[in-house]
Amino acid sequence: MSAALLEIEGLTKRFGGVTAVGDCSFSVPEGSVTALVGPNGSGKTTAFNLITGYLRADAGAIRFAGSSIRKPNPVSLARRGLTRTFQQARVFPDLTLVQNMVAALQQPWRAALRRAVRKPEQARALELLEEFGLARLAEERAGNLSYGQKKLLEFAAVLMADPRLVLLDEPTAGVNPLLVDQIEQRIRDLNARGLTFLLVEHNMNLVMRLSDPVVVLDHGTKLAEGSPDVVRTDPRVLEAYLGG
Amino acid sequence: MSRATTAGLVRGGAFAAAGIAFPFVFHAAWIVNIGVLTLMYAALATAWNLFSGYTGYITLGQAAFFGLGAYTLGITFEHVGVGSGYNPFYALPLVGAGIALVSVPVAWIALRTRHMTFAIVTLTLLFIVQQLAFNLRSLTKGSTGLMLPTPRFPIDSYDTPFYLAMLALLLAGLALCWLILRSKLGLMLLAIREDEEKARGLGIRVTGAKLIAWSLMVWLSAMVGGVWAYYLTFIYPESSVDPLVMIGAVLMTFLGGRGTLWGPTIGALVLVPTQQYMITKLGASQLYLVGYSAVFMVVLLLLPRGILPSLRGAIDSRRERRRTHREPVVREEAHA
Amino acid sequence: MTALLKLEGVVAGYGRGDILRGIDLELEEATITCLVGPNGAGKSTVLKTLSGLLRPREGTIVLAGEEISRCSPAELLARGIVHVAQERSLFPLMTVWDNLLMGGHILRERPLVRKRAEAIAERFDLVRDRRDERAGALSGGQQKLVEIARALMLEPRLILMDEPTMGLDPKARHLMFEMVAQLNEEGRTVLLVEQNARAGLAIAHHGAVLDNGCVALTGPGKSLLDDPRVAELYLGGAPAAA
Amino acid sequence: MHQVIQAIILGVLVGGIYALMASGLTLVFGIMKVINVAQGALVILAAYLSYALFSHVHIDPFVSILIVTPAMFVLGVAVQLVFVRSLRGPDGSELSLLVTWALALGIEGVLSVIFKTTYRVTSPSYADSSWSVFGYRISEVRLFAFVASAVLLVLLSLLLTRTRFGRAVRATVQNPTAATLLGVDANRVQTLSFGLGVSMAAAAGAVYGVIYPFNPGSHYDLISRLLSIVVLGGLGSLGGAVFASLGMGVIEAIVAVEISPVWASFSFFVVLLAFLLVRPQGIFGVRERVL
């Protein structure tokens, strides 16, 4: 297995008296599609929010691409190549699809007064939208999209800035089966081109087909970690996940 | 988002030309006086819109910077001397820039809060500046007020230079808004307005973008305050840091349409003459206040989206209806 | 057996979309019915429609012969339908006791509310022992138990339970299922939404599988458990095979 | 030292009255996310009512609380029904800020028309008397005012903790959906709480007019302090509002004796800004959840 792109060690977060994530450690190998699974309420999304700096951890260390991240902050992480999507697809509803895509391109300050959408950026956005089957809606307001299409758009947009690691929070939740296939195919293609993924997903079929390794969380701590086959046959996982 | 269309440029050019021609067509001092006030409110509303309309952060502290501009000009007159005639106008951009620079650290603190808290915190800025105007008597002469030298402009066209200065500020504000709306900065600001957390996740430097918009708002408001002080030649704390001025500008923006380019100007064109009419009919600050608050209520309760967005919405939905006859664009599907 | 509750062609949703696209379902008096199905199938939405949080756009809901699809939450409570929501729904800064009294909000007579609360405290040791503690200080499982205790303040005929075991440890989960069975033994009808399909169907008399806003399959709970179509729809082929 | 202790006594007495006004403001925010900018104007309106009752019918201002408060409760309910209830949707909160501001202007306008802009003060016979305790001077009206405020705050907290309505209010603040599911009529709770919030302003106003001279424009000064208090205390937190009110009273009083009275309220605004640097959510506020 190749070197870890992202390493999490001893991550802990308590809300009031409840430990949402407790002493959780795992790593995401470079070039992998790593899955983070576990029953509802096991702390997956909280872990995501801690890693991406949307929540401040009580304890724990995060290393990304060889350097340790002391105070994770979404802006600087995104600019270093670690980006994420949200469980409820989040797009900018009043902007067009193309504008949504271009807004995701990280700009230096000196470019602030350049035209909002420049020709090469437009071309790049259209190319990605085409890959995601959204090109014909390019000038539509994002707010007019269906839920599944918003998920696709959000996914496409985070790719604009050529990230190294993408965290997908339930990429297929609430999406119809046709779009699920499409999302799966996109993840495969992009992974083949070298992009690393960490995904939280409830659709176990998809996880088992797509991911290696699989990290299982239960009550905020890591229960098991390994290839799908290993995890699937682990009795503890069965008990936690399927309710034995 | 606006695009640089020929129609847009023509619209802007026509507005500028009509604006410049106005005082030369209508000489009467009282008409030009209403013109000055209309442009002043339009410029203030445009400045407010530049920050609050584009970022979604409602600020209630704009009058603080209007007042700071007025006092800074007045105090420089008093202590340094900025010349007379047209000279003070040329000093204004520097005065505005200085105030904008000073306001940034304060804005940085205020921007740690959101929504209602932000609105309230900026409102306290207004009261802070008013208190300063009352208390720093050596600089501001406190409640007695500060007298500025009366410029020696020709009597029959005395108002015109001020009119043109206000027009220049409004045009500058509109140009800035137009420039921002078509630029990457505008894209960032709108992204922040729609979903700031998402914007952060995409690596958009939200704090920087908000501070830029804020400084531009302060810069413009301070310059407008400076021209106003020079026009009136007498300023005192209650009039120059007046919550009514600011709430008027906000109301005009709401009436015209938040986040649009022309909305604040349209709102000012409708409301300021109405307001002036009410002042002459009802007398300042008594029944006038009642009438003003009634107009306010009507606007907010009946037209909360504003004139331009409502018009645009009506046009869009008509177009939509026509289009759906031909092809279904987007179908709604299962939500999670 | 008679049907206590009957849904016919119920369509409901938020905003422009429909989540339920024509639900037909019958609940028999004094039984447990378990609603299962994949994420986003509309299970919680069924419960929200039944408790009046959401108005159905089409279709009818009949409770013991009376049409109730236009009733407000308070009217439905008065008719004996209570909803134990999926999220934590205690008032965290109020005491356990006050939370309990809130359960009797629609009963206006103070003595009656007090009498029922005392009776419930007799039944639930947890409530009796910690009545003056803030509800937010209880563990997740304890909070859920108090929520159920609170729901009993109205002596309901029909209890809607949305994933009562979510986020609970195995022991608390076990207790929760026992609780459900107990409520049923008292003659109450239970409509249960359960993520843990195996455990849910195992204790239910009837099961209904929801898929994409419609009832895809119904049948006795135990037989649905063995139905391969359920595994495919809900559990996913691979892990179920293991 | 003597001066500082005297200032603290004064500050606490004043803070008590502000606590009463601020509690109404923060209660309304907690329930419907509406900031009632007219709270200051309503205090002044109540002060005028009590003034009128005193000067025309010779009703003691402290007794007039019993008349003014229910009257203003009715007014508050009406305001909520007519102006505030229709403000829904994503911009509802921000719009409410402007609508209640307009309401404040309207009240100011009506009061200016009726009472003109001269300063008034309700001065019962005991207005200038004071006691001396261990050498510290305690003004009678201020102590009465403080006691009246404290009693009303206790009554408010009893109402909130001991009654069916109060429980429903607290439940709605803590978890609106769960409250609806238990049969709480959110509209009713909102309307009545708005009335309650306004009647707090009214009670405080009747007392305010005895201590400070006021005119129709005085509401700006009041609302600026009240808003700072509720932000400092944490929006929606009753305890925070009381705590911040007392804090403000003490800070202002100390600055007034140690530095200069003109810098008193200024210093409080600066304290607020400095505090927000450390804790943007206020003393007892919960940080707005990001996700």
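Lettered A, B, C and D in written order, each chain numbered from 1.
Everything that follows uses one rule, which is that a residue touches a chain if its C-beta (ideal position, glycine included) is under 8 Å from a C-beta of that chain, and two chains touch if they have at least 3 such contacts.
What you are looking at is a predicted structure, and each value in this text was computed from that prediction instead of being measured.
Asks: Select the chain at the greatest separation from subunit B, using centres from the mean of Cα atoms.
Replies: The chain lying farthest from subunit B is C.
Asks: Comparing the two chain pairs, does A-C have more C-beta contacts than B-D, or is it the other way round?
Replies: Between A-C and B-D, contacts are more numerous in B-D.
Asks: Taking the mean of the C-alpha atoms as each chain's centre, how many Å separate subunit A from subunit C?
Replies: Taking the mean C-alpha position of each chain, the two centres sit 33 Å apart.
Asks: So, what's the distance in Å between the C-alpha centres of subunit B and subunit A?
Replies: The separation of the two C-alpha centroids amounts to 41 Å.
Asks: Find the geometric centre of each of subunit A and subunit D from their Cα atoms only, then give the gap between the two centres in Å, rounded to an integer.
Replies: Measuring from centre to centre gives 47 Å for this pair.
Asks: At which residue positions does subunit B touch at least two other chains?
Replies: Counting only residues that touch two or more other chains, subunit B contributes 197, 332-336.
Asks: What positions in subunit D touch 2 or more of the other chains?
Replies: Touching at least two other chains: 290-291.
Asks: Return the residues of subunit A touching two or more other chains; collapse runs of consecutive numbers into ranges.
Replies: 54, 86, 146-147, 173-174, 176
Asks: Which positions of subunit D touch subunit C when the two form their complex?
Replies: Touch residues, subunit D against subunit C: 161, 164, 167-168, 170-171, 174-175, 177-185.
Asks: Show me the residue ranges of subunit A that touch subunit B in the complex, using the header's touch definition.
Replies: Within the complex, subunit A touches subunit B at residues 52, 54, 74-79, 83-84, 86, 88, 90-96, 99, 102-104, 106-107, 109, 111-117, 137, 140, 144-149, 157-158, 161, 173-174, 176.
Asks: Along subunit B, where are the residues that touch subunit D in the complex?
Replies: Touch residues, subunit B against subunit D: 58, 60, 106, 109-110, 112-117, 119-121, 123-124, 126-128, 131-132, 134-135, 197, 243-244, 247, 250-251, 254, 285-294, 296-297, 300-301, 304.
Asks: Which part of subunit C faces subunit D closely enough to touch in the complex?
Replies: 51, 53, 73-74, 77-78, 82-83, 85, 87, 89-94, 98, 101-103, 105-106, 108, 110, 150
Asks: Please output the residues of subunit B touching subunit A within their complex, sorted ascending.
Replies: Against subunit A, subunit B makes touches at 1, 179, 182-188, 190-191, 194-195, 197-206, 208-209, 212, 329-336.
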